[in-house]
Amino acid sequence: MSAIPDRSIRADEVTSPEFARLAKAGVLFILPFGSLEEHGSHLPLGTDMMQAEEVARRVAQELGAVILPSVGYGECRSTRNFPGTLSLSFETVRMLAQDIVSELARNGVSKVLVITGHAGSGHMAAIRLGVLRAVEAQPELRAMVLSDYDIAYELRGKEFPEDDGHAGLIETSRILNIRPELVGKARPVGGTRPPKFMVLPDPETYIPTGVMGDPRGASAEKGETIDDYVVDSLCELVADNFKIKRKKSGRGG
Amino acid sequence: MSAIPDRSIRADEVTSPEFARLAKAGVLFILPFGSLEEHGSHLPLGTDMMQAEEVARRVAQELGAVILPSVGYGECRSTRNFPGTLSLSFETVRMLAQDIVSELARNGVSKVLVITGHAGSGHMAAIRLGVLRAVEAQPELRAMVLSDYDIAYELRGKEFPEDDGHAGLIETSRILNIRPELVGKARPVGGTRPPKFMVLPDPETYIPTGVMGDPRGASAEKGETIDDYVVDSLCELVADNFKIKRKKSGRGG
Amino acid sequence: MSAIPDRSIRADEVTSPEFARLAKAGVLFILPFGSLEEHGSHLPLGTDMMQAEEVARRVAQELGAVILPSVGYGECRSTRNFPGTLSLSFETVRMLAQDIVSELARNGVSKVLVITGHAGSGHMAAIRLGVLRAVEAQPELRAMVLSDYDIAYELRGKEFPEDDGHAGLIETSRILNIRPELVGKARPVGGTRPPKFMVLPDPETYIPTGVMGDPRGASAEKGETIDDYVVDSLCELVADNFKIKRKKSGRGG
Amino acid sequence: MSAIPDRSIRADEVTSPEFARLAKAGVLFILPFGSLEEHGSHLPLGTDMMQAEEVARRVAQELGAVILPSVGYGECRSTRNFPGTLSLSFETVRMLAQDIVSELARNGVSKVLVITGHAGSGHMAAIRLGVLRAVEAQPELRAMVLSDYDIAYELRGKEFPEDDGHAGLIETSRILNIRPELVGKARPVGGTRPPKFMVLPDPETYIPTGVMGDPRGASAEKGETIDDYVVDSLCELVADNFKIKRKKSGRGG
Amino acid sequence: MSAIPDRSIRADEVTSPEFARLAKAGVLFILPFGSLEEHGSHLPLGTDMMQAEEVARRVAQELGAVILPSVGYGECRSTRNFPGTLSLSFETVRMLAQDIVSELARNGVSKVLVITGHAGSGHMAAIRLGVLRAVEAQPELRAMVLSDYDIAYELRGKEFPEDDGHAGLIETSRILNIRPELVGKARPVGGTRPPKFMVLPDPETYIPTGVMGDPRGASAEKGETIDDYVVDSLCELVADNFKIKRKKSGRGG
Amino acid sequence: MSAIPDRSIRADEVTSPEFARLAKAGVLFILPFGSLEEHGSHLPLGTDMMQAEEVARRVAQELGAVILPSVGYGECRSTRNFPGTLSLSFETVRMLAQDIVSELARNGVSKVLVITGHAGSGHMAAIRLGVLRAVEAQPELRAMVLSDYDIAYELRGKEFPEDDGHAGLIETSRILNIRPELVGKARPVGGTRPPKFMVLPDPETYIPTGVMGDPRGASAEKGETIDDYVVDSLCELVADNFKIKRKKSGRGG
């Protein structure tokens, strides 16, 4: 975890008039989305939210941004039947994203980044649909939606195995970097994957350990490398998309 | 703020198997609800969430409970047109509450307390309706829904003025107790109230300062007294309703 | 029941051009809401509607108003499992209230009073939400929503017991005043109440007689006193909120 | 209007235990639906409800039945833009019908007749859809849905003109029979009709008087003949469909 | 089936710029709706779609029109429990019709004809409701909705039996005309009909053969006569309603 | 286009009893989904549907399957503002997919393949969500959902350029193979792409030609190679997922 003092602003800590000033100044607002979801027997249920919050914090620190209260729940399909997964419906996620982003635009906010630690395809489609409806109603708003795993998984097939996935080597390393005290010592290995393109009522039967990939070689160092890569890439994308000047260039954290 | 070491459990910090054990053991789960809402020019937008989290933390500590990730957004009607208020629709709040509580029951959780710092009547009706639908579908679940202000406002007409309200003396004192660094020095006074029973498109015109009551006499001491009262009363209600043994008796924190 | 000849206008009895004139003249329109709901073994299922219609009639008579056809159904939670309770869903009540009030505004009506004899919190939240959406879409409309029990229960702790409630002393007295021939001689007494703040699938188990309070001392005289108080208070509120001149002052009926 | 004393039972006038007995005895329940809708400049807005109530009352009297509180609102398309028409949305009508009929079935009622005075095709489709969903969920329920105009218009091309319609000769005669004091002397004549099969945003432009047909020859006697025919035919249909024995045979009222 | 070369345009075969030109030129667009529905043991499931497509093709040929991709599914109530009936919900049909027609109007199309081979009352109400909402939002659009059976059944009581219906003499003849190779030799006869005005969970029990009427005398020649009548009548209606000049007059194909 | 005689079965051409036999025999049912969507100025609006139908036909021929009527409309976001794109809402696509697949399962069908030529992420999420709900309600059903472009784009970075996309080289070649007469000679080249991860109200401004990639080198031969690859890969996947024996092995068409 970074030792740099936190210069990002939390939306819940500012007053109404301060919020008005930030919106008027064209500051970027970041909405972290997570999930409460099984992540093997070695990672905490809030794994997705922790990663999204960490990335949001570091991006906000580097680019200057307001961080909104996290949404700690998501739509979780493949892990739904493991203990501890609380899955919102598609519509609930869509409406949440739509309401929050619409209300930001109604308040004069013009730049919104939604960063979700949970990257399930239904979950992300729900967020994107909600944000699209907000943007279509208020076209002056510019909005960006992605998962930090859209970036982190660029490292698969390079430093990390091609088949790494949910609660695997990358995710375990990142939590070791962010919240090492929450990571269990015994780390189950994932085996098979669900058959391709099937829409299944029982996907968990194909991933009995709740893990995809092999988290045994995970380390905080690897996690730091991944997080640096994610944050750096994301800062570049965000700076480009929203025409924001980066406070520094190159890797770091 | 209490100096007692925090013994409550956070749902996002446990693993899937640990969650299963907690559910099976019949432990109480607490869902804090807040809002991102104007609270005068002196209190932070997250005032409601901070109070709900503080109460949840202390109740969990005293009774033993699992705290779920907070929902930091609510349905806000009367303050909707002040900067910084992000109001979810009624349906979004209803669905969120319904989904989360249903999913808890599906996971075997049998005792749920929803504690909301925001106490708008629409917001609370939405939570109650969502929880009712969850409970009707899974009648083995026992669920309790209230605002800490259902208890705190019992003190109006006693130690506190009858007409104290939103961002007023009680609320300002409580935030002074919990997060003093976030409370502004200049505290506007509220005047008139909206006409009784009218359903208004512009309620903010009747509360120009965004405050109901007079927060100038607020103090952390008063806040502590209120919080102790709320926590103690709530622990008693929860212990009664869910047949949980309190770890200690009497006032404190 | 009052002997004064009825000077109020019924919307179903006027023609299209007459309606247009009334709307243009800025006349108040009153929508009575009731329920078909168990009220002990001694009161009729339409108790709520009868009271709302009586109050609507008398207010219309005093202030001059158009009375819309009553909605004889509501959302009934706590009595839902007693025979004879027909409970609409929250959404149905919301949509009904929203449609009717929106259509009034579309027709040029500028003042609407919704008076509901059923005062369940979900039911009232549904009406309020529907009316709010109508008002937000057509802000020139002024609308007021309340139950006659918002006023009648001001008498609890004064002339009437603090714990009087559903089908109790006040309600039985009022029906004795309005429709004495429908009130049974044997009047069951209520005992316990549901635990506070619990959201229950089976609230009826806590009110086995379907009565809250003790209706044995009810009388038409008490009912008349209550009705006079309700009508007088409501006329004052309505006159204030809508800037209508009262035709007479003081108590009466 | 019939001089026979009214032996039908009103659901709002019975108590909870009485309702339970009626449901258990397999008694027919009748739900009258109307509308608040322009009916020329000579007929009252509640014309549809008045006819449905009259028919319901007479059928109940002859076959023995419980009459539920009327729903005085409907979905009105072609007259929507005339003053005084309050049109519910399709979904609202559907949900109302579905909720009420479902709740009757949940209460053990096994025979339901929905009789609607308003016969717009959308309105009737909404009622039918709602009742269908209720019946599919509770198949032991037998339900019948029709408009009295499904029967009354059998007389077109016989005693009455083929092109008689809304607020025309038949309808005016029936209101002259039921509520003569509400019928205006000046009765506008309808001319053209909307083009066939067109779905129009402005159907009222094709029926400028709000009348279809020629109501000038209307009389209470004609109305009585029509009402007798409707009631007699309906009693026969109901008796057949629900296996109820008629108390008398042949025409009358 | 007609031997005339097909001069109608298929929307799926034109490019984006060509579509723009057609819309701008005010050309009529035709949307054929069908169903996948039991039609006795002798007719194919797509019977309704085949008839709608044939009629659409011939109308387009005669009046000049663009034919949209058919919707091969509908809401089917009375045959729902026979094998092979795939019934969409009312809402799905409504939304489909509304979306397609709204999108046509958004693209500048000003004349739309929806012709549905399936003529169930719920199905048609759903299409009409969807189209009505599209038209109310974009009132410059003119839209017409009907079933070819609104016209074909004008022949009942004349050349064809009064009680002919689903999969009966008319429908079988028409498919013999259009797709003779798909018609089975053994043609079951229908007997009773469901009781009038009943809303039934099991209508199929009243039509055990899935046929209404007697298809044994069906022939391609009869089918051709019917189709000619339908196309000619429809062309006249369409030409009138949309002010389109017919390319030829009188019967033919 | 293949010269092999078509042995696949069309659902609209079989009778009700034949459908029952096919369902009981465990035959695969294929639902082709398309769109009516701009595809440059050189490809027809029905491009997606044509490809899905071609693939469905060839898979059905090889594996033995029943082909359902195509859905010729989809949810189209990025091309929505080009002429000729008719975009269904997300909910409409979801409900259509859910209704059709649920009804298949209700009819005893146990194997369903949904193949969509349109591969927009929202569109596919909608289909997947609808199918998931059908499968969760009827878990004995096995369902597979994909776009032929999930397979065709495996060839990017190999025989075809990495940045080929909508209406580009691959798609143009495929339509040249299937429907050469519909492909325009002038083929616009695509340039830039929308910024990554942005949710845009006006994506078309980033793809002014409506094309992604360079279709100038397209040929029917390339199209045949792609189609063979898609059909062969899909047959293998389908055979595996549904345990169906392929009638022949290896590439071909």
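Note that the chains are named A, B, C, D, E and F in the order they appear, and that numbering of residues resets to 1 at the start of each chain.
Everything that follows uses one rule, which is that contacts are C-beta pairs under 8 Å (C-beta built on N, C-alpha and C of every residue); 3 or more make two chains touch, one makes a residue touch a chain.
Just so it is clear, the structure is predicted and the values come from calculations on it, not from any experiment.
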item: Centroid-based (C-alpha) most distant chain relative to chain E; value: B
item: E-F against D-E, pair bridged by the larger set of C-beta contacts; value: E-F
item: Chain whose Cα centroid lies at the greatest distance from that of chain A; value: D
item: Averaged-CA centre spacing for the pair chain B and chain A, given as whole angstrom; value: 27
item: Whole-Å gap separating chain D and chain E, where each centre is the average of the chain's CA atoms; value: 31
item: Of all residues in chain F, the ones touching two or more other chains; value: none
item: Overall pattern in which the protein chains touch one another (line/ring/star/complete/other); value: ring
item: Touching residues on chain E, where the partner in the complex is chain F; value: 10-20, 23, 34, 36, 38-46, 49-50, 68-73, 82-89, 91-92, 95-96, 99-100, 103-104, 107-108, 179, 182, 184, 210
item: Chain E residues within the chain D interface of the complex; value: 77, 90, 121-122, 125-126, 128-129, 131-132, 135-136, 139, 142-146, 150, 195-202, 237, 240-241
